[in-house]
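Each of the two complexes below includes chain A, the first together with chain B, the second together with chain C.
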Partner chain A sequence: MTSLPAESAVKLGLVIDLDTCVGCHACVISCKEWNTGTGGAPLSDVDAYGEAEGTFLNRVHSFEVVRDDAPPMVVHLPKSCLHCDDAPCVTVCPTGASFKRGEDGIVLVNEDTCIGCGLCAWACPYGAREMDRTAGVMKKCTLCVDRVTSETLPEADRVPACVRACPAGARHFGDLNDPEDPAARLSAARGGMDLMPEQGTRPVNRYLPPRERDEGTVVNLVALADPAEDAEAGGGLRWLDRALAKLG
Partner chain B sequence: MPEDQAPGAGETAAREARPRVAKTTCYMCACRCGIDVHLVDGPEGRPAVRYIEGNRDHPVNRGVICAKGSAGIMQHLSPARLRAPLKRTGPRGSGEFEEISWEEALETARSWLAPLRERAPERLAFFTGRDQSQSFTGWWAQMFGTPNFAAHGGFCSVNMAAAGIMTLGGAFWEFGTADWERCEYFMLFGVAEDHDSNPIKMGLGKLKARGAKVVGVNPVRTGYNAVASEWVGITPGTDGLFVLSLVRELIRSGEIDLTYLIERTDAPWLVVEDPGAADHGLFARGGDGEALVADRRDGALRRWDDPEAKPALRGRFEAGGRPCRPVFELMAERYLSDAYAPEAVAETCGVPAATIRRIAAELAHVAFERAETIPYRWTDWRGVEHDHVVSRPVAFHAMRGVSAHANGFQTCRALHILQCLLGAIEVPGGFRFKPPYPKPLEAHPKPHGDAAPGAPLAGPHLGFPRGPEDLLLDAEGRAQRIDKAFSWEAPISAHGLMHMVISNAVAGDPYPIDTLFLYMANMAWNSSMNTSGVMEMLTRKGDDGEYAIPRIIYSDAYSSEMVAFADLILPDTTYLERHDCISLLDRPISEPDAAGDAIRWPVVEPERPGHAGVRGFQSVLLDLGARLGLPGMVDDEGRAKYRDYADYMVRHERRPGIGPLAGWRGDGESQGRGAPNPEQIERYKANGGFWQAHVPEEARWMRPWNKAWWDWAVEIGLVDAPQPYVFHLWAEPLAKFRLAAEGHGDRVPPEALRERLREAMDPLPDGRPPGAEDARYPLHAVTQRPAAMYHAWGSQNAWLRQIHGENPIYVPGALWREHGLEEGDWIAVESAHGRIEAPAVLMEAVNARTLWTWNAIGKRPGAWALREDAPEARRGVLLNHLIHELLPPKGDGMRWSNSDPVTGQAAWYDLRVRIERVAPRARSAPEVGRQASPVGVGPEVVAYDGKGTT
Partner chain C sequence: MHPAPSLIVFTTLSGLGFGLIAWLGFGVHGAAPGWVVLSFCGLAFVLASAGLLASLGHLGHPERAWRALSQWRSSWLSREGVLAVATLGVFAVYSALWGFGGERVVWLGLLASALALATVAATAMIYASIRAVPRWRHWSTPALFLALALAGGALLAGRTSVGAGLLLVALVVQVLHWRRGDVAYAEAASDMGTATGLGARGRVRLLEGPHTGASYLTDEMVHRVGRRRSKALRRIAIVLGFVLPAVVFLTLEAWPAKHTVAGLAVLAHVAGVAASRWLFYAEAEHVVGLYYGRAAG
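Moving on, here comes the complex of A and B:
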């Protein structure tokens, strides 16, 4: 079994805006593209041109929300490792391959010591880990640790690939333990939530809930609000001459 | 394990790889984003693609990238890539080929085409699909001399383009966009997930960050509609009626921008009103041909552009002895009718009356109460100086969804009329044009035909007829073109009717053809209506044992369904292996504040070891053109004028000093105009693959009327002279066709088409839903492409197909329960034309009478190098089988094209169906046989290591 480090001062993580995510899967593929070639085992696709079962570190799930008093909603939920403070996938690991970094809280797998037992995937309540069928090692979101800690990438690119790619700007990265970090401030302003807090995992990643949907704005326009006015045939243009007179 | 001992996975490797970055243009869809292709040393020292990301400097995508763009690696390495020219050896459709040399392929094509050009050039039908080089392919066809050329717009979104240009002098997407920075209320109509893809997502993101309201009007709540602040689950085909009901509410309450209407539109123009007369519905014009307005002070007639005029918007006047009234009054009279009252349209549209009334109020509130007067110095085209511009922070977007109906043209017109009433075009917060637009209808070409043996056409194929005199008819009044574009069946078919080519050619109507030449268009599959029927047509033989279409040449980069139905394959490269220009002559990458164009260039060389290899189609076309001796493609001695397409991009001049690429012309310092510059492509590469010229500050707003805009447009060669104009609420060209349908003029339609044309050619949209109700088929069925695949040929893509490998029929909840359906059930969907059987899935967030599914997921077994058990080939299904290119017979036995009667736009979304529960099947129905694969099947495992090997 593996121990968690002392709680880090820096907690790198994602803020994912469910009000804005259109479910386009840009994050899913940019993640796969970056992380299949970063030096660990590639993220393989078995029966790639048949039934196809591949390894992804990030997936988008879509849900319908049926409401009694409003039209149904569709919510896209991108889901990857949440880099929990109390990460059960770490403590369950028999070899120490699954670990949480003390300096920034990123949860990683050391592929050299991973024996592919799969206990961590069972322990993760979010289903955020996937065993690579070809390599036989556990794969998970690294928060693109090689990007965010890179000394060679341009400064602006030292963010996870999914954040770099997201066309709608629905993904934000930062130190969520720093109240002044823009991502942390956004989370605070928009009521960022833990996913499944009852699991007691204390995830670092935050989700911004969808804003209210399908509620009309109340507009005080008397003429528009009263369909009875101007009902008289041809009377619908009585305002016109007055308006033109004002124009001169 | 101590955390400080383990580097992040691959951190060191990424540093060591030191990838090179090649900046080019994406082609995974039609969006044309800038991409940074990171290259490493791959097998045998050849460059390999490590990863692809968005170019942060690029005007289209500003660094972001979509799923398709990132998956470009898998497209580039696809096992479905063709490897050599192919000659058919088995029967059509079998997929049996032998590989041949390029010399044999090109000589075969030449030997087929040369006699046609000498004898009857119209016997060649050359149609291109998702072609981004239409100004080149069209020019080639023009030089060949066939009148039969078009690209895929006729079955995509020509309604949006034609209605936009005829109403506003510009259109959504490539030629205009919402002002995302300032808009506070955005309405999105119908499917638009890829037109354009990343910019709309980026725009929605900006609106969301500001908390602006987004209203999605769409039968299906997915994608952009899922994040909409409000979803209007409208009934398909009724968007126009819904919009005109909003128009009615706004006019009725006086919540419209009168100043804008008077100064910027034809609202005050006088229209002759004398039903039955030969000039009914035409503008009243003075002796100089200019339209007239009546002055509201004294009723005197004045020219529309008279700066002293104070035009009337209502009243009866007389011009040249003819009774006339202003456009505004005719418009108001029509839309104030009770037929457009929210209560009257609510049931048809599937939208509560209160919602319609409230949205009208919200539009008015934002447009007028949230408007700002912004200090801004500009000079109008008459020389009058202005010191401000008034914002209208409401914007709209629509594309395929509203286009692909038989009433789509008029729906798009209705939407543009709504924009005009709100004064929300070319002002801050509203809709903005992208250069080379704005450009009035008058600045667009007319269509050209009149083919003659051995000679080029006199001008470009596609354009806008202004009236019946511009139709392409022969002496007997029959269509000149194989697709019957610009005939009475589709008078303003500005993009042609590619979806009618095969059925017309097989029927020999209006005449048979010899060679069908297609590029990048899967016409044997998802790009055709009536797919099973089209496959039969492509294989049909006459009594003489010859195919009804004797020869088919096709160019594609991949082993698509269409490949199996061709006789000769000219294999194209992938998008990372080729030159291209994204040209201002064509479909550029401009933004409202900058004209722009771009290139593609071979960031990796096309290599197909052990095979004859592939070549960029445009280079092949130039080679073929030179072999045929086509004008412009050979020099005085008959030698090829251009080495390849890259050479053409640099040296071709369409008008003196104007070429395919606008940047770095002449000595490298000129833009827009200038002599060819041999260093031009290198300059593009050095600048990240694109060029931009920024619109001067004083030319940014009110551009159709802004002198500085027109001066700048002339300076950089967008136009040759200023062409200020007003927007057209009243479509006079339609009035001319309506008069012809009533029997006026020299050219009149055949009797059988008159009633339909008279109704369709209404100068004001009437919002009538398409088609007739048929109790046997009470449901609607529509499709959309998923955001991760739109325009992307994605089923061969190992990564994308894992996102969308299935396309069940989504059934609305009420219908699901009515039919007692349960999870895992299959249903039959039946139209007047056909029947499919496929898995069904419950969905609540959809219009209650509308089924839907993803389009183009289903694949023919054997195509795209997929394995036999691929879900796309087993459970995937096309709705295309249910949609015929002709409507069911009328009482008189006539079958009309399933297209918009104005533009010929394919009416995919008019489909009406019924469903029933059926037993699950091993394979979805109909089963369409299998094709042999000229490239084998893909490998069992893909494990991409970022170094070119899977």
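Moving on, here comes the complex of A and C:
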């Protein structure tokens, strides 16, 4: 059924800290490593030693925020499926291959019934779904459902691969519908936000905005680098400057 | 969006085929049962089916296409599939009774007409329901698909003056769809600020993309190449798809060899609609482009 289930009591998801993400792409690689080897078809690469392109479930985009009263701010934004409560990718699926789990809200694709029409990828505003060029089926973040529900992996590994790999501690996993969950509490404390709330998807994943920094401390770097300013300061440099000026 | 040939052929031909079915449901002027009726019905079948077959070319797993009939409760694509199969089934019975049996069952014809139009509407709603593509999410999308299907179907069904009139109506809808579509992306609530959640802090721009090569996302949804010639293609679509066939069909009685001329005008119409469909995909911008630095404009 591609109708959405009744809202689940448990909403598993990620809290991603834009303040601490350093943009190293370790989450991208660990995601690909784990998910190419477990469940479903491998995440194929095409022309890996040439014009290389491939299927990834997680990508890191880097943005610059240009501010009037402070230096520009660089923000790395890792983007994967947000496991939305009102997931448009689920309801458009004609076969029932795309579904949202009633018990924990994870959005998954059944690769055995996916016809590879691509409509779910069109419906997703975030670009969270990628068609695998080799397998001809839709791929997306599973929230590492095989890790988080595992009973055999060591306790520390029962989180998504991206969370486990993050060297900066920028990624947190938990039940975001449980106010006592550490990830949910972090999100509440830091003002966790939705991406594109106006799209009406009600994402489960939350992004923690960068902390305020550098505000009101604008330093004019151009002025510091200007030799004419130094010449005015006097001393040997001023003499040298005049001497050079006489030579033309 | 990537203008996939399979989808352009599909929506162009099946729109024409289902449009013809919609008119044949009301009968054909002066056609006695027999080969004339059967060739009209056969043409509708061939066009609709060829379109549907072309759409299979868009699938990663066409052998599983039958599964697409299951989710009609939530999915417009599934509804389109169910309606297309139902239309062709009802129309097959209607055509056989009419062409071979000599009796046109009126209620069956009307049912086929209604189903055919519902199929075209469902096709359009696949696009009109996608909020992430602002150009498509508008009432003018189903209006355009229906107007083109009805106009093209009327031309094929030999209803020349009605067809010419409908072509002019379709042209108005087409121009409206383009004009509104040209500002849709800029007027949509989504921008790079909302996409990143950083809009309140300043102007957001892409500093470094997530990958150096292409990807499914950039090929499929951040596609821009097909837009380069959009002005020329719009002119071609207007002249070939609407104006030329309308003029020819309004003056058909004055032409020598009018069947040949009418046939050529229909071919021009198909070419014009195909150009319009190319632009329908190529000009549509998906909000995921915001994550790739594609601001409006």
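Throughout what follows, the second predicted complex is superposed on the first by the 213 of 248 C-alpha atoms of A that agree within 3 Å, B and C clash if a C-alpha of one lies under 4 Å from a C-alpha of the other, contacts with A are read in each partner's own complex, and residues count from 1 in each chain.
Keep in mind that, in the parts below, a residue touches a chain if its C-beta (ideal position, glycine included) is under 8 Å from a C-beta of that chain, and two chains touch if they have at least 3 such contacts.
What you see is a predicted model, and the numbers here were worked out from it, not measured in a lab.
Undergrad: Specify the outcome, clash or fit, for chain B and chain C once both structures are aligned onto chain A.
TA: When both complexes are placed onto chain A, chain B and chain C end up side by side without any clash.
Undergrad: When the two structures are overlaid on chain A, which partner does A:Ile106 contact: first (chain B), second (chain C), both, or neither?
TA: So A:Ile106 only meets chain B here.
Undergrad: A:Met193 contacts which: chain B (first), chain C (second), both, neither?
TA: Touch status of A:Met193: second partner only.
Undergrad: Touch check for A:Gly40: first (chain B), second (chain C), both, or neither?
TA: In the superposition, A:Gly40 touches chain B alone.
Undergrad: Looking at A:Leu240, would you say it contacts chain B, chain C, both, or neither? Reply first, second, both or neither.
TA: In the superposed model, A:Leu240 contacts chain B only, not chain C.
Undergrad: One more residue to check, A:Gly96. First (chain B), second (chain C), both or neither?
TA: both
Undergrad: Any idea whether chain B or chain C touches more of chain A?
TA: B
Undergrad: After lining up the shared chain so the two structures overlap, which partner does A:Val74 touch, if you call chain B first and chain C second: first, second, both or neither?
TA: Both partners.
Undergrad: Given the touch rule stated above, what does A:Pro88 touch, chain B (first), chain C (second), both, or neither?
TA: It touches chain C, and chain B stays clear.
Undergrad: In the overlay, answer first, second, both or neither for which of chain B and chain C A:Ala6 touches.
TA: In the superposed model, A:Ala6 contacts neither chain B nor chain C.
Undergrad: After lining up the shared chain so the two structures overlap, which partner does A:Lys32 touch, if you call chain B first and chain C second: first, second, both or neither?
TA: A:Lys32 contacts chain B only, not chain C.
Undergrad: Determine the nearest approach in Å between the Cα atoms of chain B and those of chain C after overlaying the two structures.
TA: 5
Undergrad: Where on chain A do chain B and chain C both make contact?
TA: Touching chain B in the first complex and chain C in the second, residues 2, 23, 28, 51-54, 56, 62, 64, 66, 72-75, 96-97, 113, 135, 210 of chain A appear in both lists.
Undergrad: Which of the residues in chain B end up touching chain A in this complex?
TA: 1, 3-4, 6, 8-15, 18, 50-54, 56, 61, 63-71, 73, 79, 197-198, 201-202, 204-206, 208-209, 211, 213, 221-231, 233, 249, 251-255, 258-259, 262, 296, 310, 312-314, 329, 332-333, 336, 341-343, 355, 357-362, 364-365, 787-788, 796, 798-803, 805, 843-845, 865-871, 937-947
Undergrad: Considering only the defined contacts, which chain C positions touch chain A in the complex?
TA: Touch residues, chain C against chain A: 1, 58-62, 64-65, 67-71, 73-78, 81, 126, 129-133, 189-190, 192, 194-198, 201-217, 220-221, 286-288, 291-292.
Undergrad: Could you please specify the touching residues of chain A with respect to chain B in the complex?
TA: 2, 5, 17, 19-26, 28-30, 32-54, 56, 62, 64, 66, 71-76, 96-97, 99-103, 106, 108-111, 113, 134-135, 142, 145-147, 149-152, 156, 161, 164-170, 210-211, 213-217, 219, 221, 223-225, 227, 230, 234, 236-237, 239-241, 243-244, 247-248
Undergrad: Any idea which chain A residues touch chain C in the complex?
TA: Where chain A meets chain C, its residues are 1-3, 18, 23, 28, 51-56, 59-68, 72-75, 77, 79, 88, 90-97, 113-119, 121-127, 130-133, 135-137, 193-200, 207, 209-210.
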